[in-house]
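Consider the two complexes below, in which chain A is the common component and chain B and chain C are the respective partners.
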Partner chain A sequence: MNAAAQSPGSPSLWALAWRRLKRDRVGMVSLALVGGYVLVVIAAELGLVAADWAREAGVNYAPPAFAGSTDSGGPQVNADLRTNATVRHEPGIVDPLASVLNELRQNLAAAPPEAPRAATLPLGGDKWGRDVLKKAVKGTETSMVVGLVAALLAVAIATIMGAYAGYYGGRMDDILNWLYSVFTAIPYLLLVLAIAAVLNQKGTLTVILILGLTGWTGIFRLVRAEYIKHRTREYVLAADAVGASHAQRMFVHILPNVSHVVLVQLSLHVVLFIKMEVILSFLGFGVGVDTVSWGSMLNESQAELILGKWWQLAAATAAMAVLVTAFSLFTDALRDALDPRLK
Partner chain B sequence: MTLSRFLLAVLIALLLPGCDERAASPSAQAGAVQQKVLRFTFQAAETGFDPVRVSDYYSGVVIAAIFDPLLTYDYLARPAKIVPNTAVALPEISDGGKTYTLRIKPGIRFSDDAAFKGKPRELTAADYAYAIKRFLDPKNRAQYAFLFEGKIVGLDKLAADAKKSGRFDYDAPVVGLETPDRYTLRIRLNETDFNFSHVLAFPMVSAVAREAVEAYANDTNAHPVGTGPYVLKQYVRSSKMVLEKNPHFREMLWNAEVGDNPENHQIAARMKGKRLPLIERVEISVMDEAQSRWLAFQRRETDIEYQLEELAPKFMNADNTLKPEFTSQGIRMERSVDPEIIYLFFNTQEKIGDAPNPFGGFAPEKIALRRAIAMAYNVEDQIRVIRKGQSVRAHYPIPPGVAGHEPDYRIGIPHDVRLANALLDKFGYQRGADGYRLQPDGKYLILRYFSQPTERDRQFDELMKRSLDKIGLRVQIQKERFAELNKLADQCRLTLRHAAWIADYPDGDNFMQLLYGPNSGQTNSACYRSPEFDKRYEQSRRLPHGVERNQLYREMARQMEADTAWLLTDSRYRNVLVQPYVVGFKKHPVYAHEFLYMDIDRSDARALKDGRP
Partner chain C sequence: MTAFIIRRLLQFIPTLLGVVLLVFILFNWIGGDPAYLLAGKISNPEQIANIRKQIGVDQPYHIQLWIFITQIATGDFGVSWATNEKVSTIFATRLVPSLTVLLPMLVIGALLAMGLALLVAYRRGSLTDRAIMIGCTVGQSISILVYIIVFQYVFAYQLGWFPVQGWGQDFWINLIKFSALPIIVGVAVSLAPDTRLYRTFFLDEMHQDYVRTARASGLSESRVMGVHVLRNAAIPIVTNVMIQLPALLAGAFLIERFFSIPGIGREVLLAVERSDFPLIKAVTVYVAMATLVINLLTDILYKAIDPRVQLK
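After this line comes the complex of A and B, so read on.
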């Protein structure tokens, strides 16, 4: 659309940016890594990998395959649990289910042999014997979905509000800035925890909402500043002259010209929200009990470290560190590519 | 100063989990040499020190040090044995177990307090009568009102009047609570009860001075005035409590029943005949994090530590003995099973509020549903994985060490997932399209399990979810804070929850009352009402501890299993770590204020450091 304003033949903003990005080796490696993670997430989402992460594949705290099986023992379970002493019934007491249960017991065929649990797993097992590698993959899915969707939500809120505040100014700007001040007056983590405590409902969607609804403030200021800068530019005045409505000028004419700011903020916030999800889950406000995320894995590994079981901590930390670093480097490269004046 | 020390400990705990923690803090040791100070921690905050207004364990420890009940338990006798405390002798029980007469030792003084206007105040029988009346004053909302409700002649009428008028008349005569003279208390019960002495030995049933209660009416929780061995010297809410020896404490000599236990003889050799209390100052700080408490103990900033469940592998070998690096320092470990039960309870009411409860009621298909859940829940994993082996399976509602416990009783609800599935199929709980079961009439079925938003509870959530997935039951985890959960329990609104009950007094009645119908909404959180159970419970209350009562208790336990109101899970081990210079500690099965009977001897600690055993 805005390409119409450019002379034909000269490469577009995006093509130029892509060219600059390709020259950045670090940026391209990071992009490949992030792309790899995205593929894993898609595969996990489609159920191609790690669909059975909740299965108790190994023994409890199965060590990683490369460390070898060393049964450290640990405190003994009371032998009392295994004994099958007979239950003495009291004659005066009637169990309404007794006859049904007896009948069912007789009809139940002999128990099929349980599949033996593996002594070791590729990256070890957690306390229930679940495969840590699969958990890490599944955790990547949760964490990345949360990070991406929450960042999209925050950016959408911030862009719309920033556009209105910056474009219209005046009373509209005052109201939106007042809202901004209220949100930023509260320390961020406290605000997040307060909202988490109020919602008091666990789940991926809750986490996304919490992060999205609290994380828009910084982006809002940037977008607003851009709009203030652009609203008096000649191309906007020209659009006004040809009869474009306010909404058209805001979102059709100005937005593409400030989108590089938005894009960089988006990727910055993906990283931020991945980390926030980890913090929320670590503090027990995060995803529900049937979901695994890096945060919940780290939370579990607190107790495990005491027992000397380090593998879950290592897996979650490594997966997270690689993605966060790659994404941050990629964001840097993207900013350089999109806004060469900053370089 | 105290706050900064605490913050420092937290900081160290956060930053340096692996550093050398053995260097003793010099200031802490220097302060302790002149005065015998005992320092320990609470893992949760206290609520206050008004005996009728609190019900938590931590407040109870402090209350027991400040106040005096009529009777108490011998320090060393096992099973716990009742002995006189402020009473001259054990109660005279007459009228077929309906009248208890006690004489109080003359000359016992309350600790000095502004409320007494500078005059010494002697303890009288009327102080105990007043204390008991306070439990039924609606204004106090006493959690332990059940100890007296319906029991004492004439007292319930007074409580009913108070509910109407809004004022409890403490001066009105009560037939069941008479003081014929200054030092005599006569309690008349509505029904025969041979176990009432346990109630009189419960630290919350201690003498309070009416002047003091009325003087501090707004904040009795912060101004405890009692006759006990200690007084509250310093109190920072939810952070620090300092107790000091009560200078007017009556003469009380260490005179525990030694029996033929060699360990008891060792303790007695050092303690016998000494005037109590020997420890002059007790400092209690609140530290929520196990890691901080563990570091503080290692740095010898605390002298006794008993709340390190989740850290057990750090100081214990696989065979549950103390690791050599600690025994070589002279640290001792006392290991015992707490007189407690942990259980999973179902709401057995047919309706919760106005909504129907698909898990409640006593129709066979409802019992089958509860039974299937109880059979599917993996108690072994709870003990092995969550407790790390630091608990034993509970089979019977009365735990070991409590009168009425049956060591040979086996729980009648086995862990059997296949049978649970077959049972649900039989009663028509068909699986829907998503693999989860529906109600027999095809309606949606979801079970709400209540727990707290902590890491520990998350492990229980996971276990619950994993267990119920195996029988195809949909579960929703509902997170509430502890206080909120208790409020919901009082309204009978919890559908499924783990609960724990630790003995207030070592008698089976204290546990069986948890299932008594009329206690619904107080201690009976399952709101279980079974005529068969209640009939036997009422009978059992009139019997002394013995074969006859045990038979009733066994029948009651089987009745509860048949109705599946609870699934008993476990009782936890308590591993108490004690510094070498602490003398005379032995875990009491009921009381947690053992420090009254202990001493501190630092010369001994030095000998141990030199390598002598």
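After this line comes the complex of A and C, so read on.
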């Protein structure tokens, strides 16, 4: 792992892999795209962009700027309330809402007139006139944070378990394998839904925990197989001879030598978890209502599409498709670079 | 063979116990007292008291666990907390709609993906191959939700070729009329990842010595590819199809939800929304059992396809 520790004559595994990756044009373009997304996410985290995504900046269902403003943008309740002071009364029937409406009108008259709403927005607006572009940026932030943190959690669990199972073997291996067979006996989505049902609370942290605690199985098997392969290698026996403890041998000596497997799995699982987060949020079991996610955007877009307002669907789909495609292609390139024998 | 099956069946026991324990820990321990969950959902306090008595909330955990194991053994999970329908009845009535959609989806999807994969593997490196592979990568990156929303909007809502959603009483009407679009959506979603996967299976086989021998002995290309390569590549493909089966038993949640198909998947989603624990517990345990059986069947099927396989 540490390039400085290598003799100057032979470049490390990582230096070699980087050299191979640089030659892979598709891989480098994907890496640049993923890097761009990461920058946007960091900017969003710091509040530099899209911090005011919840502001109703445009008219309701404001169309995208390139499509042009086609209609008046739907009913404007506030404006109606201000102007439409005459309510037709049937004789003998008292309007039960008259007092409430009058109060509202007075409040509105007292309040400063709100900022004029834009007729069009760069990528259109949603039902409340919120900027779809900003929502897409916030959705990217949510999905990438969930995907990355959940994948890190799953990889950490799987690596520790796989290391213990593969390195010690015997009883330890039996127990951890039993745990693996229990978790894989239940279809993944069903397991996720069952846990979501029990926890019964929405939120980014809940989603991360659900995905991380259930998603370790595949990585565990791979890491375990690597440790079984490595534990009898000469360098490990040598480490034993100079008095390295079991933990040192597992995590200082062997782990750097299997970390390429872990890294590729990390990358794969980010994509998997991003997809899962979108589905969970769509179903309403995911992130909270005050958080935007591509899943909640897709949920809103379902009703909008029937009204012909396609832009939120397009924005969420495009943002997700570009990231997932780039991430998948980058993962392929990473795997090829780290393990040239595969090709 | 018999010894193999018996040994595998014995191995089921610890796994199943683990699943039961996992479900128990989740729902009885972490889930806690259902009275809190149901307080806003069921207005009748007597019913809540009854539910608490049924799962034995006041009893120590080992008695609660025993109640749960008895429920699994007898197949009687009691009634749904939300609808008071018997859980076993829910299973019996929801399974057929699920399978009506999912089995054709699985078969058509596998056959199409195999055909496409064989074609692109045969023309490896050509423009067709690269175009289809790029298409698959992009197709895979689009959420299943988008496929469903767009297909439903375009083909059912705009063009009116299919009903937007719905389900009838008659099996054939259900299959032809109501299942058609869900099946198309399901196949479209699975086509991209399956084609990519099967293509690698075919490529692995196409450079084997036996393929060259078959060509050298003057067999037609269609026979070499369609019989020799296909039969060898079929082994990993069968595995891939079989591992999708358990998830199918639990239903394609999203497709059933969007198209209002009264199947098990939609029922599970409803149960999660309503905190209807008996149903989720039952589905989880039974699907886990089915998964184990299907895994065993897969191994036995290997033997049928590939006589070289030694079961041990």
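By definition in this document, the second predicted complex is superposed on the first by the 296 of 343 C-alpha atoms of A that agree within 3 Å, B and C clash if a C-alpha of one lies under 4 Å from a C-alpha of the other, contacts with A are read in each partner's own complex, and residues count from 1 in each chain.
Operating definition for what follows: a contact is a pair of C-beta atoms (placed from the backbone, for glycine too) under 8 Å apart; a residue touches a chain by one contact, two chains touch by 3 or more.
Owing to the predicted nature of the structure, the values given are computational and were not obtained by experimental measurement.
In the superposed model, A:W128 lies in contact with chain B only, and not with chain C. By the touch criterion stated above, A:G170 is placed in contact with neither chain B nor chain C. Of the two partner chains placed by superposition, only chain B is touched by A:P96; chain C is not.
Once the two complexes are overlaid on the shared chain, A:L104 sits against chain B while remaining clear of chain C.
Of the two partner chains placed by superposition, only chain C is touched by A:V198; chain B is not.
In the superposition on chain A, contact is made by A:I279 with chain C only, not with chain B.
By the touch criterion defined above, A:Q302 reaches both chain B and chain C. Contact with chain C, but none with chain B, is seen for A:T325 once the two complexes are overlaid on the shared chain. When the two complexes are superposed on chain A, the residues of chain A that touch both chain B and chain C are 200, 284-285, 302, 306. Considering their complex, residues 178-179, 181-191, 193-200, 275, 278-279, 282-285, 294-295, 298, 301-302, 305-306, 313, 317, 320-325, 328-329 of chain A touch chain C.
Chain contact summary for the complex, chain B toward chain A: residues 310-314, 316, 318-320, 364, 367-368, 371, 379-381, 383-385, 388-393, 408-412, 418-419, 422-423, 426, 453-455, 458-459, 461-462, 465-466, 477, 479-480, 532, 554-555, 558-559, 561-562.
In the complex of the two chains, the chain C residues touching chain A come out as 14-16, 18-19, 21-23, 26-27, 30-31, 37, 137-138, 140-146, 149-150, 153, 157, 246-247, 249-250, 253-254, 257, 268-269, 271-273, 275, 277, 280, 283-284, 287-288, 291-292.
Taken together, the chain A residues at the contact with chain B in this complex read 54, 60, 72-78, 80-81, 85-90, 92-97, 100-101, 104-105, 107-108, 111, 127-128, 200, 202, 284-285, 288-290, 296, 299, 302-303, 306-308.
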